[in-house]
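Each of the next two complexes has chain A plus one other chain: chain B in the first, chain C in the second.
Right, the complex of A and B next:
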């Protein structure tokens, strides 16, 4: 990692932040940015930079970054594109450690000249720059937050281990909001926009060494250097699983393609090839993105044999169908397991896979069944179906399922289908880090992805 | 004569093609067939015809002189109104599984190689998979397994499995070829494989 990229950490863990364009006028981006830091409980010093004021929302305000008397680690710029090179130069001469440029009006509107000046200044002073034309960063550990969408309109997630790297700000912000809503924690949010100075490859390189990050979401529209991306995905994915999504798959077919290959193997095919080569997990829509990413906190299964536990026969059957259609296997229990399970079931119950605990089953039956199946060497992962609506079921099940998820002998998914009451259970489970799904197929697909990743990693280890 | 140039470039790069000769009249075609040995296939060669089968421009499994003379006339009839450069006489390919091996230079990722179920229905079945070049044998193995039709390659319904090693060599070779000759777009379609190897039947590429 070069020095400029190493300095990127100052954008996530700055001792001080200055907002160029900081304001207190209602409905201004500069105001949202100030409030993000002040109301979001950012612990470092906050400055506004704006020639019109001497103070903004109780924080000191200066005409230029270089007028700030103390050192500044991170500068967030939200002023028109033409002003950006000058401000960046000022940041450089002051010794600012890193800059986020939110403003649009660069390559995306043909102003490559402005982008080139940005690049040159960044190189001259060795300053990392995120953007332009982006939402910048959000770090729930330090509460640095350059997302210019007010927190009351767009929730911020709590701390976790998932880094989210996105080219698009709009999609990125939606995912941030949903992650918060689902109770999913993140390590870092990075919206890099045009990627003029630092792009997705730099982010992967940076996150490879990031202490808080264990899983990476990569949302791509188009990349400039596909080969470099492939190399970085290959390098990082074995250490920190990447779930990638490519938007803009079906662009206009290549003009005048002469061959079959030219007709059918468009640009998306190259992305898909690269994902497969790097063994990166590919999501096809935002729902899959969430479904897939949350299972990567589970331990890697040793194989594809799944045990299903349910308190409703039909849901168990649907889950078994999904296991078959995904090409996973229904686990066979050992004799020991069968004897132990028989003791848990009521006299009219049958030991099978799916294991139907029947609707009379209480929290204790789940607890015992999970314990038995965790010990069975012929089971690689558990799909636990929970009908929250049965009379004996109550919120103690959340503790039981959390213990199962934290057990780490086997990968666990939970499946609950239902309305508002059930959703409350799911949210509670998610907030404890238990992967929870409202569709058997979605749950099994996610397990399949984890199992594939595990199989590949296992193979890689064996081959050294 | 793009087709012949493509053939020659492949040969120059170490690919073994089915024996072929270009004939410019009927007697020449007969002589070529004798030299190559029956059975043969005849193909119209014309810059103006890009889909040969659509003008009845391909005749296969020709076993003798009478059959060849008839096929020659039929091809010339079908090509009426087009400028014809000649007729390609090609040794008949083996019977087997028709595959496509293709390639393309992507603006972001560079050369990529494509493997799939070949023939004239490539666009309909779209049973294809791709990798970024260069690839290693393991990549090709994974490509094969990703094809929906891969059981055909394993030898479905009593057939013997195809010569996988030869297929892998060909895919690896195509990656090298594209890099060396800086090919923009390429199709080997079909390439027909059986248990003893594969025959490149038709080729087209853009440099």
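Right, the complex of A and C next:
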């Protein structure tokens, strides 16, 4: 990793942040940025840079970055494109550690001259730059936040181990919002926009060494250097699984992607081939992106034999359907398992897979059934359906399912379908790292992805 | 329609309901049922039937149904299977109009003798019976409710035009919960379980004439008479579009379906063929079921040419990708349209499809763009992406999108992705009949289904 990339850490752990364009006027991006840092409880110093004021929202304000009397680690620029090279030069001479350029108006509208000047200044001062035309970064550990959308409209997730690298700001941020809503934690959010100075390859190189990151989401529209991306995916994916999605696949969608961040979208088939070659998990849809990534917190299953537990027969049937349609296998139980399960079920229950504990089942039945199936060598993973609405069900089930997920002998997914009440359970599960899905098919698809990744890693190990 | 089936209306519009097994003991099904009627503001008289009490939760209680001094339209039975034939006989002799049997323990556990007795008594008294082994009915117009799950755990939807016919109680109820959560209205919920007396064919026959119902969801595990089902689907689907889903498709899933409601699941390929022959829209997943049905409130598009409007470039790209992958067409605009759109966009904007209004776009830009595209003959439907989180966006967009949906010149879908704030917008849209999706692919898939149905209806008209 070169020195410029190493300095990127200052954008996630800055001791001080300056907002160029910082303001307190309503509906201004500079205002939202200041508020997000202040109300979001960012721990470092905050400065505004704006010739019009001497203070903004209680924070000191200076005409230029170089006027700030103390060292500045991170500068966020939200002023028109034409002003950016000058500000960047000022940051360089001041010794700023890293810069985020939110402003649009560069390659995506044909202003390559401005982009080239940015690149030159970044090299001259060896200063990492994220953007332009992006949302920048959010780090839940330090609460540094350049997403210029208010937190009450777009929720911020808590700390976790999933890094989110996205070219499109809007798409990335909505998925982050969804993640937060479901209680999923992240390590870092990086929206890099045009990727003029640092692009997706640099982010992979950086995240490979990042302590907080164990799983990576990569949302691409177009890339500049496909070969380098393939190399970095190959290098990082075995250590930190990557779930990737390519937008702008064909025809008019491809053209739209180009006008969005100024990168050539390129032949989708080349991306697909690269994902396959690097064994990166590909998502075809935002929902899949979200569904797939959270399964990678589970242990790698040894095979594709799934045991289904349910307290609603119909949902068990649907889960079995999904296992069939995904080409996974419905596990056969050992004789020992059958005997043990028989004891858990009511007299009229049948030992089967799906194992229908019936609607009368309470938390204890789940606990016992999970224990029995965890011990069966013929089972590689558990798909646990939970109808939260049945009378004997209560919140102790969260503890039981968390223990199952933490057990680490087998991969676990949970499936619950419903409205607000059910969502509350799902959020509780997600916040404890238990993957929870609201569709049997989505859960089984995710398990399929994890199983494929596990099989490939197992093969890699054997081959040495 | 025979007289017994005609009497089914009494289960949805009863002047009085008696709960056999009605109770006030905590965690009893009979208690939940009483509470759901009382707290759910059912407008008719409510009785409990239970030899242990003379009053339950402030409602009169009698030892037997025939002891109730006034006429009873609807009886809900929630007592053990063995007691059901006797109670049904008592209902018949009393002149009860219709019965719902929630209790399990019939065909699904091999007690065909009990099922046969039920059938005989139903015929003897010409009394319609829903069940056994089911959740029965919910009607949002009258608030009659036999779903034995408390409303705080499982939300009930408001009035609408979608009837929900489901074999599995649990699966059906969770989708109803989802529907309610998103503000979608329904006309009737019918969980018919084993379908011993009345099955899915009877429900289609009944719903064909039902005034409140315009769209039908059909969730099947197994059926007794496939030929009759095909006939009824063929008859009803052209008037009231049916979205169907078959669970228990293959192997062990099929076996699980059988043990669930005692019906032979049958060869899935036969179902698939029947759906195709009747031109019924098939869903392969609960999420699809939910996604597909709500699009049928839109006018039928004349072709497959979609215009995309967005205030976030990346989401536009994803929607275009989905249009390509679904084999739909990205519409070409007329010259007139291009000129008109140019006026709406900021100077740096490009007239294209997807039409990126950019994040600065306010409610007015949407309103004008929709008006222009509604007038373009080269556009068959609109996919409107809405990032709710941008600064200029506000709640007036609900009115604009509702007008677009009510315009009826073209089919409209909306797409918004996000957490709680975005969900609030989505719920507002759904409650006004504007289909709202949280994934571009899901929205476009639904539009594809509607377009296919429209093409078939158009062909039918021409030929017929």
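We take it that the second predicted complex is superposed on the first by the 449 of 464 C-alpha atoms of A that agree within 3 Å, B and C clash if a C-alpha of one lies under 4 Å from a C-alpha of the other, contacts with A are read in each partner's own complex, and residues count from 1 in each chain.
In this text, a contact is a pair of C-beta atoms (placed from the backbone, for glycine too) under 8 Å apart; a residue touches a chain by one contact, two chains touch by 3 or more.
Since we're looking at a predicted model, the values are computed, not measured.
Once the two complexes are laid over each other on the shared chain, residue contacts for A:105 go to chain C alone; chain B is not touched.
When the two complexes are overlaid on their common chain A, residue A:272 makes contact with chain B while staying clear of chain C. Greater residue coverage of chain A by touch, when chain B is weighed against chain C, goes to C.
In the superposition on chain A, contact of A:356 is made with chain C only, not with chain B.
Taken together, the two complexes place residues 257, 259-261 of chain A in contact with chain B and also with chain C. By the touch criterion given at the top, residues 27, 29, 32, 105, 109, 149-150, 152-155, 167-175, 177-178, 180-181, 221, 247-253, 255-257, 259-261, 284-287, 312-318, 320-325, 330, 348, 350, 352-354, 356, 359, 387-392, 417-423, 438-442 of chain C touch chain A in their complex.
Across the interface of their complex, chain B is touched by residues 222-227, 230, 257-265, 267, 269-274, 276-277 of chain A. Listed in rising order, the residues of chain B touching chain A in the complex are 50, 100, 102-104, 106-110, 112, 114, 122-123, 126, 128-132, 139, 142, 146, 185-187, 189, 204-206.
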